[in-house]
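Listed below are the structures to be examined.
Note that chain A is present in both complexes that follow, paired respectively with chain B and with chain C.
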Partner chain A sequence: MNRYFFYNFILVSFINLMLYVPHILMADRYRGAVQSLIIGAVIGTILLYLYTGALARYPGKGLPEILKMHLPKWISNSLISFFTFMWLYATSLAIIAFAIMINRFFNPDVHVSLILAMLVLACGYAATRSSLTVMFVIEIGLIVNAPIILFVLFKAGSNPHLNWDAIRVIANYVTKAPTLASTAAASFIFTGYINMSLFNRLMPPNSRFRHRWIYPLMGFVILLITFFVPIGIHGTETVGNYIYIWSITADSLLMQYGFIERVLFLFLIVYLNLTLVFTMSGWHQAMEFVKSMISNHKPEIDSEKTPLSNYVIVGVFIALTFVYLLLTNEKLNMLISTYWLIFRMFVEILLVIGIFILSRRRPRSA
Partner chain B sequence: MRNVFCCVILLVTVCFLGGCGFKDIDKRFFVVATGIDKTDNEQKPYRITLQLALPSPKIEPGASKAQLETIDASSIAEGVRMLKSHVDKELDFGHCKIFLVGEELARSDYSGMLQWMRRRRDIQSVADIAVAKPDAQALLGVKPVSERYPGNTLFLSFGADGTDSPYTYVQPLSEFSKRAFEKGLDPLLPIIIPDSKESYIINRTALLNKNKIIMVLSPEETQLFAQLAESYPKSSVRGTYEDTQVVAAVSDIRSKYRMTTQGAKTVIAFKVKMSVVLEDAPENLYKQEWASIEKKLSEDYSRQAEELLRKIQQAGVDPFGFGLRYRANHHSNNPNEAYEKWLPIYPGADFKVNAKVNIEGTGLIQ
Partner chain C sequence: MNERIRLMFAEAVDMKLEELSNGEMTIQVAYIAPMCEEKMIADFIFVPFAKREQPYREQLRTIVEYKVADDVAKWRDLLLRGNALIEADGIVYSLYAARIICNESPQTQVESAIQGPQLALSEDLTKSLNLIRSMYQSADLSVEEHTIGSVSKTPIMVVFDQRRVDPTILDNVRTKITTIHVEMVNAAGELDKLLIGKRKHLFPTVLITERPDRISKAIAKGKVVILMKSSMFAIILPATFFDFMHAVEDHYEAFWMTRFLIFLRYTSILLTITLPALYISIVSYNPELFRVQLAFSIAGSRSAVPYPSFIEVFIMLFMIETLIEASIRLPRYIGSTATTVGGLILGQAAQQAGLVSSIMIIVTSVVAIANFVIPVSSLSFAVRFLKYPLIIIAIFFGISGVAVGVFVYITYLCNLRSFGKPYFRIFGRLQPTEGDIGQVKLK
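Right after this comes the complex of A and B.
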């Protein structure tokens, strides 16, 4: 089931805009962002190959099962609770960023927490479904939205105001050594493989990850567009002082004969869908991780009845998201998300290498 | 039980829905054009004029009705907020596609105005900006007889839907803010002049530096600029041949330039290739050799273009983006270094225009 992997990869690479990745890259545009793009892509590609290679040896098993198989219970449980936190954090960050953005662009009169409440109710409900259902929702969400995103990217790329001189000015800074924050931000685009930690459960036996070369290629193209198109449209200087750089870029585009003229609204609606799907998928994974820590838990991928525990766990997630919203603000959220991206990169490197070593110690036939 | 639960959730959700951000469309005033002027009052330097659309039951030429609201304020943000108390409905900038800057303001300092526009979320980046002569308030008082709905005339003049004039240079907000901060690329704005009480003339272009108007291009120069900088096709070229005036409509034009250093001098060499159809030409030209008239037209064009380029150079502005090109070609470790090197080079740079006019035909008659 290669397409499951494909969807997860594409979803995460598109969602990078929500986690301030372009903003972090733009801040470093004179200070090594370009080289960070390359290093980030290399790191992302290596991790992607290692992780898919390792998971292929455990068909139908998720990360919790793999850890339990090899490690004492207390270690695996504490690792899994740590990963739960990681998954929950990324997705809550995205949904909060989006709630703030809706408040900014659509409806400044409504309080952010009310907007967030609407969003989390939808994601929360979707996250409590079975793994297979969640996977299908991701599939439908992407099939509906990806063409529109590609359209916006195309519109941006073919804009007559795209200034190639500005792009060349920044591209020349490829000689600068990469920075940690930018590298972490760039490698995030390739991190869709990590969602296979759970969705590997859906992989049937004998399945292989095929055409893996296509992912680094696609990721790198998305990365280049994410970084260079706003520079071309806003110039080398102005690009640095926008907070929601891609929303502004979408707003600079005009669909003369479109249904609505401002591309911004199309862009925001599509990204609303993607953020909801991303949050649903992240919460679902975090929820399954929590459930896997219960001692006699048997993972199910398509249960008939939704267990009560799903609602309880996701309810806690929703509460935590609200607490986070109350404790932070827009500026802090961006700062934390920068540090989180760096932290995430190291955690992922350790996780992937760890799982890879475990998988090599296991005979291929088993 | 479950169905009841779902119904309750849905009903609760519906309560939060409210189109138009809780204010109905008939409780809103749509601002269709905003004018910002400078006053003589030190305490209240800004005069803000809003053109508010009055919905009319019929859409026909001349049926457009608008209300003008003017206020003097110490800052634009305050003025707009204050204006809310002058009207009975909520002001909505969502349809404001035209911003007029009074000439006096544009000649003193536009940066405060630009910052306000960029910060406001409901001001679209695709809105067009123009300089109003003598001032924005007077210009907004003009009532075009052919206007079908408020603000439409100005909007059509700028958009590609209505007239397509080579003398009207269009600058959206995103492009303006890019040029206002970019190192090596300066902004330019169209100038609108009221023509009697019933129409506008938009055929001049103001060249600005980073905070005010430096020079104004005549209609002919505006067209020439559009041809050189943007390869604007729907335009004309002019020259003389054997003492008669020749005017040709451009059907296709390609303009590009290269920057080379020859010894201590930097040479900016334009190559302009165009195909034209004669509109105004000596009689019986059809049977003659066209090469000589092509050569003459090319020479005339090159001379005019070189004159314009030198004139702009002497004014010390850079609307073409030569500085940005220089930065793209000359990498420096420090982002400012290449630009600072460029600044003394520009006044001494040499321009060469190599135009190649290709006559496609003489129109319908010989």
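Right after this comes the complex of A and C.
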């Protein structure tokens, strides 16, 4: 059942565009972003190997159960509430960014909070479903959308206006020392393994994470494309002018023979789907984490009836997302997002190493 | 005996209560004439009793067709199911002599296949079982009988392969069947609703079919089949969404062509659901989505239409839905006239009168035709509804609304379970050979 891990990994690495990762990398393009890509990839790979290795020892158990096994209740609860916040934040940020983007490209007349309302209701409905359902939705969402993303990437790569010189110029800045922000941004692409914190509950006892070398490879390719293709298309200087750099990149591509001429629309619809799937999975995980903090709660992976607590918790998430939209603007959003990415990297390093140590102390047979 | 039976039943002329005597012994015979094969009753009871070639008492004892029915409480059921009751020497025997009126070895009509088996299930349970057994000749085929409905007392048969069936599904089915409390069940569709237990559902989660080849294939896959008396349709469960998109002929024809057909079906289901909503969102929100020539020709064809696009869509969809409904319900001879009048004349006239654009007529026809491509009619029916919520959301949010709506549909589908098995799961097996996700029972 390796493919379910693969889906989670790919989902997160595709969704990096929604969390301003390319923009953060572009901002540092003369100041060590290239080396950050490499270091971020190394960090991501190490963490991925450690975490999957650790989780394979706990089949059918999510992060809350593992923490509860080893740590006193108050520590595990405070850690879990912390992770809840982390995931909630990332996913809400993505959905808000997309609501703003829809407002900008598709429906300029509709108020952004109305669009957000539509999006969060759909995500809220999806997030309240059972873990198994969420997993199936992730699978279908990726199988339907990934080919189109690959097509867009192919279009971008085969574009005759792609300027290899610009790419070479930036690549030559590889000697500059990496920055913290761009390293964190680059390592985000590999962070799909952290989704297994919850979805490890679904894994059967005899499952193993096989072909792990694929993930760093794919992650690195995605990272390189994310970073270099916009540079090749826009040039070394202009590329820093845009926030949604990939939307603009997609907009500079043309499908000569299709109904739809501008790749932008295809790109936006596909990313809308991916963002919905990502937000659903993030909220679902946050919701399950909150539920696991209630004492004597039994984790369920496929309950027949949706418990009321699901609706209540996700309702709170929706309200928080709205409050966040009202309180912030895009500029602030981006700033916070940068700090969040850095913060996330350190938290993940601690978490993964912690869980790894815990798992080694546990006898294998148990 | 006859006195008791007379008390049990309402006054009915077709109730035959006879007393015969041939000098040697006296017997009482009771049966409901229309329910029984009169020839069989004559051959088994009246003739041998009168001829006295062999003592009738002995016949009653030796021939297995006569079963002792000493429980008075069961008499009523026995008679109602077409048994004759015979009392001789104080012992009551029953003889099964039912005459079942059914369509004689019918042809498949609902799900036709060009090169598949042409025989459909019969309304008679034994004939249906005959078809299934002859197609699935295995000693593992298990058949259980149950009765449903406190008044209709409809016999149903649960058929499965005892070695391949998933025991959890079987338990689930058995408990469901024993807990159903209704008075009447007449059609497989009714039973299907009772089995699912949910009153409001968008999609069919059990497959209703008349094809014995589909049934035998399902049994081989470890599914459970429910046959029902006086219905030529069987219920297959659990079913997945993909079963509904799959025609039996996909197994019989050339590989690549059938793959192409399957692809065609998925494309058309997508079109029939989203096209009206996309029309609204493109005309009213994002004409820039299409290349400029196409956008102009769409706008040009709408130039005579005086109202917003969604009203146009509602007019045309109302027309096409009434047309489809009319041609299904009308007798076959008038049906084709309705289609001609509606499809050709009305569509053309509506466009020329400037009520709708010509593009909208194309959209409507694509929606209708694409809907008919779905091979199983229950899904085709369910899908007909799905476009309306999308239209509503497209009116307010345009194309992003449609994408969100499709996402919600997919989530809904993924959330459905057919007897505990996932309904909408790509690459999932009913009985996986290796460990599958979600198999762990959490403590």
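We take it that the second predicted complex is superposed on the first by the 366 of 366 C-alpha atoms of A that agree within 3 Å, B and C clash if a C-alpha of one lies under 4 Å from a C-alpha of the other, contacts with A are read in each partner's own complex, and residues count from 1 in each chain.
To be clear about the criterion, a contact is a pair of C-beta atoms (placed from the backbone, for glycine too) under 8 Å apart; a residue touches a chain by one contact, two chains touch by 3 or more.
Quick caveat, the model's predicted, so the values are computed rather than measured.
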Chain B versus chain C as contact partner of A:276, first or second or both or neither: second
Touching partner for A:137 - first (chain B), second (chain C), both, neither: second
First (chain B), second (chain C), both or neither touched by A:251: first
Residue contacts with chain A in the superposition, chain B compared against chain C: C
Chain B versus chain C as contact partner of A:30, first or second or both or neither: first
Chain B versus chain C as contact partner of A:118, first or second or both or neither: both
Which of chain B and chain C A:168 touches, first, second, both or neither: first
Touching partner for A:260 - first (chain B), second (chain C), both, neither: second
Touching partner for A:104 - first (chain B), second (chain C), both, neither: first
Touched partner set for A:235, first chain B, second chain C, both or neither: first
Residues of chain A at both interfaces, chain B in one complex, chain C in the other: 106-107, 110, 118, 261-262
Chain A to chain C touching residues, read off their complex: 1, 3-4, 59-60, 102, 106-107, 110, 115, 118-119, 122, 125-126, 129-133, 135-137, 139-141, 143, 201-207, 258-262, 265, 269, 272-273, 276-277, 280, 298-302, 304
Residues of chain B that touch chain A when the two form their complex: 9, 13, 16, 21-22, 121, 124-126, 159-161, 172, 174-175, 177-183, 185, 230, 321, 324-325, 327-329, 331, 333, 335
Residues of chain A that touch chain B when the two form their complex: 30, 104-110, 114, 118, 121, 160-161, 163-166, 168-169, 172-173, 175-176, 233-238, 241, 248, 251-254, 256, 261-262, 264
Contact set on chain C toward chain A in their complex: 285-286, 288-292, 294, 393, 396-401, 403-404, 407-408, 410-411, 414-415, 417, 422, 424-427, 434-440, 442-443
